[in-house]
Each structure stands twice: as structure tokens, then as C-alpha cells.
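Please find one structure pasted underneath; my questions will follow.
The chains carry the letters A, B and C, assigned in the order they are written, with residues numbered from 1 in each.
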Amino acid sequence: MTDAQTAAPTADAAVRAAEALPPRRNRVLAKLLANRMALIGGGIVLTFVLLAVFAPLIAPYDPIKTNFLAIRRPPSELYWLGTDELGRDILSRLLHGARASLAAGVFSVFISVAIGVPVGLIAGWAGGWVDAIISRITDALLACPFLILAIAFAAVLGPSLTNAMIAIGLSAVPIFVRLARGQVIAVRNEDFVEGARAVGLPGPVILARHVAPNVLPPILVQATLTIAEAIIAEASLSFLGLGQQPPSPSWGSMLNAAKNFLDQAPWMSLFPGIAICLVVLGFNLLGDGLRDALDPKEN
Amino acid sequence: MWTLIARRVLIAIPTVILVSMFVFGLQHALPGDPILVIAGEERDPEAIERLKEIYRLNDPVPVQYVAWVGQALQGDFGRSMRTGEPVSKLIVQKLPVTIQLAVASMIFALAIGLPAGILAAVRKGTAVDYAASAVALSGLSIPNFWLGIMMILFISVELRLLPASGYVPFFEDPVGAIETLIMPAFVLGGGLAATIMRHTRSAMLEVLRADYIRTARAKGLDERVVINKHALANALVPVITLSTLLFGQLLAGAVLTEQVFTIPGFGKLIVDAVFNRDYGVVQGVVLCTAIGFIFMNLLADVLYIVVTPRLRTG
Amino acid sequence: MKTKIAFAAALLAATAAFAPQAFAQQSVLRIGLQEDPDMLDPHRARTFVGRIVFKGLCDKLLDIDPELKLVPRLATEWSFSGDGLTLTMKLRAGAKFHDGAPINAAAVKANVDRARTHPESLRRSEVASVAEVTAVDDLTVAFKLRNRDATLLSQLADRAGMLLSPASLDGDVATRPVCSGPYRFVERVQNDRIVLERFADHWEAQNYAFDRIVYRAIPDTTVRLANLRSGELDMIERLAATDIKSAQGDRNLRVVSTPGIGYQGAMLNHNHGDASNNPFGKDKRVRQALSLALDRDVINQVVFEGTHPPTNQPFPSASPYFVKEIEVPKRDVAKARALLREAGVTTPLKLDMMVTNNPVDAQLGQVIQAMAAEAGFDLQLRSMEFATQLRESQQGRFQISRVGWSGRIDPDGNIHQFVTVGGGQNDGRYANPEVDRLLNEARTVYDFAERKKLYDQAIRIITDEVALLYLYNQPWYFALRTNVSGFTVSPDGMIRLAGIRKQ
């Protein structure tokens, strides 16, 4: 989601996935497991999650402890990935930074789903002027550049990792509003919904029991792909100095610190960048796999 | 068709108004104000109070908004509080920069994405397909700003092959312009190429499954003719729509890419303005890019209607 | 469709603005700046980098030489009356503005009056002592003062003494300045460049060798240096400390430097809001402990590769007002801990420290954090955008806030507004009546020895009470391509274009 890579294209892929109604969960899982790319993606994500969880046990050094006698050392046996501008071990900071980056990805998407999906459901279900108002606001938000929105929110809230997550989450809300709304409209007139209505079930019950489950698969796909984008967004905000506060590491803030040492200490910018690429690739592969598994046409 | 287009245009109007309200409100919620920034190193408290009065920053935000709208409707978008330059002049100065970068990135993205997508679809399930998908996914996974930094590091600083930054107008010095555009266009276009490739691939696959293609094949037409004449033409429709949308996003300026390559376009202008609390500039430029974005969306809709016969008659 | 046509028209118009311009056979000097300057109106401008551009664009009454002595520019002679309440200046004959108008006493009056009264002037406080300006004759101007003002001459050697064409004063000065310098304004592309061209009628035109000067704003230090290396630029200002070695090793480049006249350090909250209600704000021993906890040499080595000398006072060591007897404290963790114990502080003492969100500040903050921790301080870093930091600081929501000062040639400019009650930069609300008295009096004393005595006393008090935390002196580093010669570095960090040549 840096610059122009927004979620627009993935959104309609997710829509296609939603046409797999009703979901047959076992078959989906089997398809997912048979997809080698998705397995690789899942493997990458799982590995990073484990590294993040066990970072304090694995990391060879304290990620915050400075050592002014070992500043900007190149990779060596002592420091596998070198040291940074304060003599801290980059490998240890990468491992601990994985926590910040993964948390940023997952929590910010959680926020956008938690706000965006209900709002989208309401818009799609209610229709009329409610839908019109929500849709115009969504359009307006989508017309503002994503990163600018995130920067502004982050600046309003004040720089911290938590606030960066909230800022990214808020900026990604319209994507989920639009997706959920589209899904509701698609299923609103399906037989089983008509049936439920004919039986006289109240709206909220139909929405929760019959509509929501059918809306979820594409949301799940979109969420996975948005996590990937949110991780990049967190790195971008931290790169601009609006994310993780020093001395705690995040991959973006490590890149920010490395900015002035491109020439003198390239390892400082190389390794955090590779870490971001890998984990984002993992989420993208997983998201793709999910989409294929949920897509009835891809047989 | 015309009623459809007219309806889309009408819908765009409230969207633009909402964008302007939203941006106005959000930036006034930012901590700090432009006066603190422009009052300078000395920050004479008396000067700060005086300037706040002059720029009417003590008025309630809605009052300020109404005043801004009143002026904007007369074509006056105010001035940069930092440099005193008229916002309209800034927009006219930066627009060609942003468009030049957007066009170059788009050319790059299409030149890579289209053929790769077609090839992947035609050779579905082969190594070519997997390789294309893998490259595309990697393209989507690399943060632009980091790729930009790495390219500056290796290509400009180490190898000294290309200039590290800047903007050269194409019509002034085409060679210089291309030299400065290669890296940013690659960085920006890379991600777009990935998106375009994936869409081309799936559009092609869908078309190749269609009845008329089967018929064409059954008639014994040469496979190359089938692909080039029949399949491609139809597969291009969604790709054109997509490219238009992507171009709309590029108009917002490539925030970090411009930052990394110090390209003086919209993206850099907005970020600097946000950090300097230069309200008028943020307001004017975001509105301008939002209109550009909405316009490209409209254009995509219209194109879709025009090239899809079913909607044209209906 | 109408929108589309309008769009295309705008596009076309925009492209036309960048139509080819003949640069053939012109000598151009291209200078890389660290930031984009602000308004090009000397009375409303505020940035350091803007002052660099004004050196080419606008001439002024006085200037300083590399030894910080005042030298004539448009004023050739100046003297104070016996009571010190009238400053009389003789103006240079034959000098002209860019629009051809003569530079005379009436023009000086118009400019200083604008600096004093324009509602958006940021120079008001600098020339506040001026009660009236009168044109005695065509080339003699008299400044009547409300009170004796020892700082006035140094203000007239900076933006307050720059002269704009009187005819242009009502126009759009900020974007189209009609000034008096050796080069005149051609065009500006915000965030990109400012272009000036030779002003043939300048009184000293023979000393300026270029047809055009192009200032380009390139904030990224690595990219700025890369552009110099590739020959896109001829010289750059503020070479990053960490790039100095590699630039010195490049045989196409030459690095020149001079110690600056400012200082870098941190503002401390003594008396501003709830954040100051703690031993750190109220007990000088706690602040002394923090100062003793820091090894300023290590800061210099780690963050600046040994190029930024440690300091403990507001005046640079080259200044005649520098107090030699006050030494930079050596790090003494044991003594720091003892002071904290004496003050009855339970350690670790939690304090909040604001830094600006750039990599150098973040690094500096973390070095301080690590060293302070060993003496019993728990510094919480808050890294924020500059605009937010200004707001937080103005509202007293900090205990320590990282600040720097580019420095003024008169000692008053480096100290008065930071430590006196009501001073514009005194966000920590440090208050000591004795310091106020000394510094206010020093403003009115013209005799150097007398004045120095007052500053000596004030400096001793504020360093003992640790009013501010002074850390290091920032030198100015410039890098030039070897074919550029004749550039003289000056302690104010400016680029004076006289004498610069390119082979």
C-alpha cells in the first residue's frame, strides 16, 4: 500500500472468491493445503511469528543495550548481521522488531475489519439514504491518498507504535466498508435470505446468521492481503519517524536510522528491508492461496 | 449511456465536497499550527499572536472552512504560509512533474505487466507461469521506499550509472529526463506491473475458457491468431479499466518514492506541507489529487461502458 | 467532457511553464541546500537556509567578516552619538536596487519602517529599540533609539538591515523580491530550486563571477552528496558529519569547515506547568547530575565522528565573550549519583525527553538515554515531528527538549531570549532576577570590556544552575568540487558569493 499499490485490484479478486457459496470448509482447507505457494507463504508467516514470540530466547544480544565501542560493525561471527549506529546487534533488533511489525500488521487490520465490516453490512443491508451517505463518505476517504491519511492520523494521535496501528487501521477502513457492502448486496436477494425473510426473522438476525457467514470468505482474503500492506505502511510511517519510539526496534524505524549510513553501513538498511519483503511475501502468498481455495472457478 | 455517465458525475460532486471538509477538519486536528512553524527560530510571542489574528486561526474551524470555500469558488486557493507562493501556482508547477513520473511508471508497468500476464495465461501451469507469478508477488512485497534506497545505493552511489535524484522536464532535456526517471519509474512501475500482470493473466484465462474461443480453435484457426485477434482484444477491457484506476492513484503523487528520489512533485509537496502545517497547500493539493482520482475513476467507468456493447445499448 | 478539456488545458499550460530556456554559454553556480527556504521577503523570513539565499539576493547595511567583525556594505560609516541614543550611518553612493532605483536614505527609512511595523514582520523585536528613522540627507540616515541598544548593529548586519526596492514594498515581496544584492530573482520552484541571475549594476559587480546562481533544495544528505559527486552540483552546505571522511577521500571534492557560532543541547523545564513539579525542575543538583552523567566526548565520537566539539556555554570558543574558565564537565557518574542522593531523589528518576524525528536526533537522544541511565535517570524518549515538538514545548509538556541554535553574531542573540523571563525561547520558564538584570543591562552597554563582565556573571549563574543543557558546537562543513575556488567559510555558516570562481 505504499504509494499506488492499493487494495483495489485485490478487492475484486476477493469478490470472485465470495462466489463460492455456500462454503464447504473441508474442501477449502484441502485445496489450501494442496497449494504449494500457499504452504510456503504460511510457512514464512509462521516462522516469523515464532521468531517474534521467542525473540527474547533466540536473540543473541539485548536489542536495546548500546555499545559505543562497536558502532556500525559489518557482519561478522560476533554480530551475524552487523551492528547499528549505537553498537546494537542488528539480528537481535530484527528479531524483536518482528514483534512490532507483525503486531502492526495484525492489529491495524483488526481495527479496519472491526469498523469497516459492520458499517459495510449496514450500508448494504439498509440501502437507501443510509447506504448513500456511507458510500459517499467511503468514496471521499478512498479519494485521499492512503499514506497521507495515515501520516495525518498518526500526527494527530501522536507518534507511537499503537497510534501508528490505529492510524493505518483507520485509513484502511473504507476498503472493508466497500467490500462488505458489495457482498451484502450480492447475497441480499439470494434464495436463502429471501427465505429467512419470508419466515419473518428480524433483520439483525438474518444479517448475523445468514448474511455475515457468506460475506466472510472474501473479507478473510482481503484481510490477509491487507496485513501485508499494513506491514509496509507501518514501515513507511516509522521511516518518516511517526511509528515506533526509540530505543525499541521496529523494521521501519531501523530503516529510518539507517538512512544516513547508506554508504558507510549498507547492512543497516539491507537486512530490515529483506525482513519486510519476506514477511510481506508470506502474507501475500497466503492470501493468494486462500483466494484460490475459495474461488470455485479455479478448478 | 449518457444518463449513466451523468449520474456518475453527479455522484462525484458530494464526494469532492466531503473530501474538502474531511481534509480541512483533519489538518486542523493536527497538533501545532503553522504560525509556530513560520514564527521562526526566534518565536517572538507577540509575533505569534499577531500572525494568528492575520491568518484568522483564532476563528472556529467551520468559520475558517466557509471562508476557504468562498475563496476557492472564486478560484483563489490561498497561499502557502511557508513561502507565500499561491497554491494554484504550486499545483501548476508540480502537476507536470507528477504526470511525467506517472506516465513513465505506467509505460513501464504496461510494458512489463501486459506481456508477462498474457504469457503466463497462455502457458498456464508451466514454469513460465509460476516464474511470472513469483516475480509479480515479489514486486508487490518490496516496500517502494526501500527499493528506491537500495537502487540509489548500488546504481548511483556505488556504480555511478544514474543520477540519484531530481527532476528534469522531458521537453527540455529528454535524455536527462529519462536518466532521472529510470529508477523512480522502475520502483513505482514494478508494483503496478505486478498488479497488471495478475489481472491480465486472469482476464486472459477467463476469455480463453469462453465459447467463442473454443469455436475459433475448433475451426482450426492458428493458435497465434486466436490469441492475438480474439482473446487479447476481449481480455484488454478490464485491464484498460484497471490501468486507468491505477493512473488515478499515481496522480496523488508517490509520496515516499518522491521523498527518496527528491522529486518535487505532489507527493513531496503534500508531505512537506503536512509536516509544516501549511494548511492551504495541504487543502489545495489533496483536493486537486482527489479530483484527479475521482476523474480517472469516472473515466474508467465511461471506458468500460463504451467498450462493453451490452451497456452501451442498455 | 468539459472537465476533461479543462484538465488537458491545465496540463498543457503546466508543460509550457517548463519550456526550454537558453542556458547556452552561461556560467552557473549550483548550490545544494539542506532545506527549501521559506519566504523570500527578508522582513518575514525565518529560516537559516533562507539567509543563505539572501546573501546572493539582498544586500544589507553591514556585514561581518570571518572574524565576526562588522564590515561596511551599503553603509560605509556608522557612529553612535555621545548618549548612545542616535545611530548615524553614511550610505554608499551609486548603489542601486534591482529595478534601477537608487539606494538612498529614504529607501533605508522605508525598509526599516517596514521591518518595524509590517504586521507580518518577524524583525519587529530585532529593531524594537528604534523609535524613528530619519533621512538626514540623501546618503545619511539617523536612527533615533528609545534606549541604548548594543545589539542593533548586528541586527542591521542581518535580515533587518537588508534593503528592498521601496517601489516593491507594497507588492508581492515574498514571491517576487526586488532587492539589492549582486544577483536578482529569476524564478522559484518550491521544494526544488531558486534561480538568480547576475545584476550588472551592482556596486561590486566585478567580484561576482557567475551569470546565474541555482540553489537546489535536497534534504537527504546522502543524495545531496551523491549529486555533488556526479557533478550535478558545484557545492553543498551542511555536509553530514558521517559523510565527511568519505567526501575528504574523494579527489574531485574539497571539504572546508569552520566552527559555528551557535550551540546544540537541550531545553529544560524549570517552571512551566505540571511537568516541572519535580526535583529535576526545582533542584539544580539533579540537573547538575544529568550534566555530569553525560560524556560529551563520547557523544561527539559516536554521533559526529569527532567533528562536533563539546561545549558547556552558549558562546562559541572563538567568541570574545567565551568564558575560558568554565570547563566542559568531565563525565563523573559517581558524583552524579552522589548529587542525586543529596537531593533525596529515588532512582531511577523518570524524565521525559523530546527529540525531533530525524535520524541524528534519534541517535543523539539514545546516546544520552544510555549514559544517563548509568547515573540513575530513566529517560523516556518522545520522538516527534518538529511542529508537534514546538507545540508541546510551548505548552510546557516536557522535562527535557532537544534544541539547537544556529547562533547570532551578537552575544545577546545566543542567550537573552532563552533564559530571561518572558523570553520567546524560554519554554522551560527559567527565572532568575539576577540573570535578567545582567542580561538586560548588557544590551545597553557599548563598551566591550564592561559588557563582557556582565555576560561572564550571567554565564556563571546559568551554567551552575544548568538553565539549559549545552552539549556541543555545530561546525559548518561545506563540500565543493575542486574546480570551484575562492569560497571563504564564515562562522555564521552563510555562503557569500563574492570571489567564488569555477574553472
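To be clear about the criterion, a residue touches a chain if its C-beta (ideal position, glycine included) is under 8 Å from a C-beta of that chain, and two chains touch if they have at least 3 such contacts.
Note that this is a predicted model, so its numbers are computed, not measured.
Grouping of the remaining chains in the absence of chain A, by touch, is one piece.
Chain pairs A-C and B-C differ in how many C-beta pairs are in contact, and the one with more is B-C. Centrality by Cα centroid goes to chain B.
Averaging C-alpha coordinates per chain places the centre of chain A 21 Å away from that of chain B. Inter-chain spacing, taken between the CA centroids of chain A and chain C, is 44 Å. Measuring from the averaged C-alpha position of chain B to that of chain C gives a distance of 38 Å. Multi-chain contact residues of chain C (touching two or more other chains): 220, 222, 385, 388.
Annotation for chain A: residues 155, 158, 240, 259, 262-263 touch two or more other chains. Counting only residues that touch two or more partner chains, chain B has 30-31, 152, 157. Residue ranges of chain C in contact with chain A, taken from their complex: 220-222, 240, 242-243, 246, 298, 301-302, 355, 357-360, 362-363, 365-367, 369-370, 381-385, 388. Those residues of chain B that touch chain A in the shared complex are 11, 14-16, 18-19, 22-23, 26-27, 29-31, 105, 133, 137-138, 140-146, 149-150, 152-153, 157, 188, 191-192, 195, 198-199, 202, 206, 242, 245-246, 249-250, 252-257, 259, 267, 270-271, 274, 286, 289-290, 293-294.
Looking at the complex, you find that chain A touches chain C at residues 66, 68, 71, 85-86, 155, 158-159, 240-242, 245-247, 256-264.
By the touch criterion stated above, chain B contacts chain C in their complex at residues 30-33, 36-47, 50-51, 54, 80, 82-86, 90, 92-93, 95-96, 99, 152, 156-157, 160, 163-167, 169, 171-172, 260-262, 264, 268-269, 272, 275-277, 292, 295, 299. Contacts from chain C toward chain B in the complex involve residues 3-4, 7, 10-11, 13-15, 17-21, 36-41, 44-48, 119-122, 124-126, 172, 174-175, 188-192, 216, 218-220, 222-223, 226-227, 229-230, 232, 385-388, 390-392, 394, 405-406, 417, 422, 424-425.
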